Amino acid sequence: MPIDKTVNSFTEAVSDISDGSVVMIGGFGGAGGMPHLLMLALRDLGVRNLTIIGNTAGIAAPTGFGWPDGVEPIDHAVLIENGQVSKVIASFPVSGSVSRPNAFEEAYRAGEIDLELVPQGTLAERMRAAGAGIAAFYTPTGAGTMLAEGKETRKFDGREYVLEHALYADYALVRAKTADTLGNLAYAGTSRTFNPGMAAAGRVTIAEVDEIVAPGGIDPERVDTPSVYVQRIVMRPPGSESGVALP
Amino acid sequence: MPIDKTVNSFTEAVSDISDGSVVMIGGFGGAGGMPHLLMLALRDLGVRNLTIIGNTAGIAAPTGFGWPDGVEPIDHAVLIENGQVSKVIASFPVSGSVSRPNAFEEAYRAGEIDLELVPQGTLAERMRAAGAGIAAFYTPTGAGTMLAEGKETRKFDGREYVLEHALYADYALVRAKTADTLGNLAYAGTSRTFNPGMAAAGRVTIAEVDEIVAPGGIDPERVDTPSVYVQRIVMRPPGSESGVALP
Amino acid sequence: MIDPAPRLGREVIAMRVAREFGDGEVVNLGIGIPTLCSDFVPPGVQLIYHSESGLLNCGPLADDGEGDVDLINAGGQFLSPVPGMAYFDSAEAFAMIRGGHIDVTVLGALQVSATGDLANWFLPARGVGNVGGAMDLAVGAKRVIVAMEHNPRTGEPKIVQDCTYPLTGRGCVGLIVTDIAVIEVLPDGGGLLLIEYAPGWGVESVQANTGAELTVSPDLVEMTLA
Amino acid sequence: MIDPAPRLGREVIAMRVAREFGDGEVVNLGIGIPTLCSDFVPPGVQLIYHSESGLLNCGPLADDGEGDVDLINAGGQFLSPVPGMAYFDSAEAFAMIRGGHIDVTVLGALQVSATGDLANWFLPARGVGNVGGAMDLAVGAKRVIVAMEHNPRTGEPKIVQDCTYPLTGRGCVGLIVTDIAVIEVLPDGGGLLLIEYAPGWGVESVQANTGAELTVSPDLVEMTLA
């Protein structure tokens, strides 16, 4: 049968995510590259005790980070406000402004959510390691800081490195501009960020895309995430391609 | 000043490579993706005691691997036959045919060249680690084999992994289809292979290209090797774009 | 012991292996008999081919003289393009392998042991060899199928209790398809299970050509390619 | 101690930092004063900007209302495109940083120590913070320049013998540019070298606002921006 990884609705795309799942959420923190409709579907699914992994933990509402003026942000906060998240793994979890805390910070202060804070480059590299079958690696990032506390360190050529481990997820929710039916993905501009790494690190990767094309519709030189990393694709409704106009 | 990494001749491009340099040579083993004219310039430069790092050690002459019929191959063998190489680091150093040894195998049997044999994926990953500032990593590849002898091993989740170290070079000679003057590179098809990894792992990376364009001449989504990894670019003479017609 | 019947040809081995492929699977084929498997994929099964040369999805070998030096497989042969390909570099090609994103790899072998150890890269007599991507495929692919002749021309067994040739990977082989039998490697050191024999062969004649003890499957059948 | 002269504005700090950039260098600018540096790059100097958001080379901030959600900097601001850009993912963006392919990064700081330790990410009073890419830049960039106000509004020194705030990186800072001075961090624990002071300031007044001992450069000069 011709391979076609399309699923017809966002509800169906996330339907097997369960209580306690570890879920990666793509993007950098702003509107671009973020799987808004998969997050809303996951909110509506209502499963709880999730670990979510992302660059931020939802900072757009208080700060407008990466969102056009006058558009209501949708991000990780929809899950946190709904009480579905028990742990966050992120590099930039809180609002840049002390006086405008995000939903995560309030839940964290209330003792409702755990945080594993990871330097941004280490977060990206741990995902890549998971996707690439590398169990662990030595990075200079964080050596001698509180984020290396309790971790193994080792010197190479006189410099201190920290041992960091591969970071997997049960599900990766990613956002791309274009998918072909085989699951090859192409991103747009700076919306690539964590999406390719998560696609490779997720045991089940679900891609929210602006358009789905037949095989050949993406230049083979321009495939950013090859199809082996993608299990399901689901298309945003026409008219929401800009990344911000949502139904 | 507008940045322009173009150098005007292959001779000039390799002129500071010296006796004892560690030199990566791009490509997979066939005609595509291999820096033929940089290799010939390095041969003419005559420096000796080189360590060369590549997927093969020059297998095209006896086997025709990846070369069209009737075209005389140019590969690592030009350096080996010229007595310039004292060590090879490769995954596929010898001809696939026992009865048709390549120049490397003859020199190896004569005790003139050392060999460090590395699994192909580990070779690629060690280069990536060098480019990415990762000192070392744990890979399952080679565990329990003679290529792991003398190396540290460690179990993660009950499975054995081998500690492998970053692999740097003084110079990386790579081959791309297109460069812009800033040094951004785009490859063609399966000629990408080891070139991006080497470009990142080389302290000085020299790219042999079919064409040089102004900034903007390569789609920013399609840059395979970003300019930070490239120090010099040099263009093949018009008419040799196919990869095989050489002056 | 004289063979009780002719051994199967290389194409027939490939044909039998190809019946193992599931629809939509990602497959990496080694050089030799494994490459032939792509000619015998059952109707209705669409595969995604992966190559260490940095591609996913490809067409058949290019016609003579039509080759493009920028479109080769891991054996250096020229391929033809198909819609829906993806190109990438060696680090990514092997991230896919090592990271468990390849469903099946088919490899040749010099020896396979009773616990599924694979030796397929180094001939001690030569003293130097190519490892290529074999060790990565052995540890990384979800399923490793060995396709080979059951015995070399010199007749000694290639399926052995313990490999004497240098290993490619330990305990990695799941299925062995040869010119006289199909043998499953049971998990966790459970040994070798004979599940099919070639027409005219049987348990005793296969065992006589094998250097490790075979358990006989209760479902043992003669190999068919229907 | 009362300030002997006005402190410099944020733009002037940025202007002074921008004089450190060499032609053709790859530069990563942090949020705040560092971002302003791009407005003051000397004529004849072409830089390649790197951002953790996954780009090399970019134009100035986009005009209001012209922003594209798919073209942002690490601070979430919309950028305008220029010819010769490259887009890539986070793993690659940080491979560039960690691998030593960024010539200069300019960062803000809460504290800098006499040995060049940097603390710029965690306010203990808040109890939770964002590390972002700061630790990667601190260890990875070939040269780390700190651009900051010499003292916070509360007046205590930010340049200290040992940082009391949690560190971003050890011994990573090479140069400190503030609103009253320019201070070099000498290699190998050699301490702090005062090389420039703001107009109307001098060795004593800068030292009085600094929590670690300053060595005075024989070439000490008043800061100029000519």
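Which chain is which? They are A, B, C and D, in the order written, and residues in each are numbered from 1.
Basically, a residue touches a chain if its C-beta (ideal position, glycine included) is under 8 Å from a C-beta of that chain, and two chains touch if they have at least 3 such contacts.
Because the structure is a prediction, the values reported are computed rather than measured.
Visitor: How short can a path of touching chains from chain A to chain D be, counted in steps?
Guide: Graph distance in the chain contact network comes out at 1.
Visitor: From the C-alpha centres, identify the chain that is farthest from chain C.
Guide: Chain D.
Visitor: Which chain pair shares more contacting C-beta pairs: B-C, or A-C?
Guide: Per the contact counts, B-C leads.
Visitor: Mind checking the centre-to-centre distance between chain B and chain C? Centres are C-alpha means, answer in whole Å.
Guide: The computed centroid separation for chain B versus chain C comes out at 29 Å.
Visitor: How many Å are there between the centre of chain A and the centre of chain B, using C-alpha atoms for each centre?
Guide: 34
Visitor: How far is the middle of chain C from the middle of chain D, if each middle is the mean of its Cα atoms, in Å?
Guide: Here chain C and chain D have centroids separated by 56 Å.
Visitor: In chain A, what residues contact two or more other chains?
Guide: Within chain A, residues 125, 128, 132-134, 139-140, 187-189, 220-221, 224 contact more than one other chain.
Visitor: Among the residues of chain C, which ones contact at least 2 other chains?
Guide: In chain C, the residues touching two or more other chains are 55, 87-88, 91, 94-95, 97-98, 139-140.
Visitor: If every chain is a node and each touching pair gets an edge, what shape is that graph: line, ring, star, complete or other?
Guide: Basically it's none of the tidy shapes, so other.
Visitor: Would you please name all pairs of chains that touch?
Guide: Every pair of chains in contact is listed here: A-B, A-C, A-D, B-C, B-D.
Visitor: Touching residues of chain A toward chain D in the complex: what are they?
Guide: Counting only chain A, the residues touching chain D are 28-33, 55, 63-69, 91-94, 96, 98, 105, 108-109, 115, 117-125, 127-128, 139-147, 177, 187-197, 224, 242-244.
Visitor: In their complex, what parts of chain D are in touch with chain B?
Guide: Within the complex, chain D touches chain B at residues 23-24, 26, 44, 46, 48, 50, 55-57, 81-88, 91-92, 94-102, 139-140.
Visitor: Taking the complex as given, what residues does chain B use to touch chain A?
Guide: Residue positions touching the partner: 125, 129, 132-140, 156-157, 159, 161, 165, 186-189, 219-222, 224.
Visitor: State the interface residues of chain A toward chain C in the complex, per the touch definition above.
Guide: 1-3, 128, 130-134, 180, 182, 184, 200, 214-216, 220-221, 223, 226-229
Visitor: Can you tell me which positions in chain D touch chain A when the two form their complex?
Guide: Residues of chain D touching chain A: 31, 51-55, 65, 67-72, 75-76, 87-91, 93-95, 97-98, 122-123, 126-136, 139-140, 166-170.
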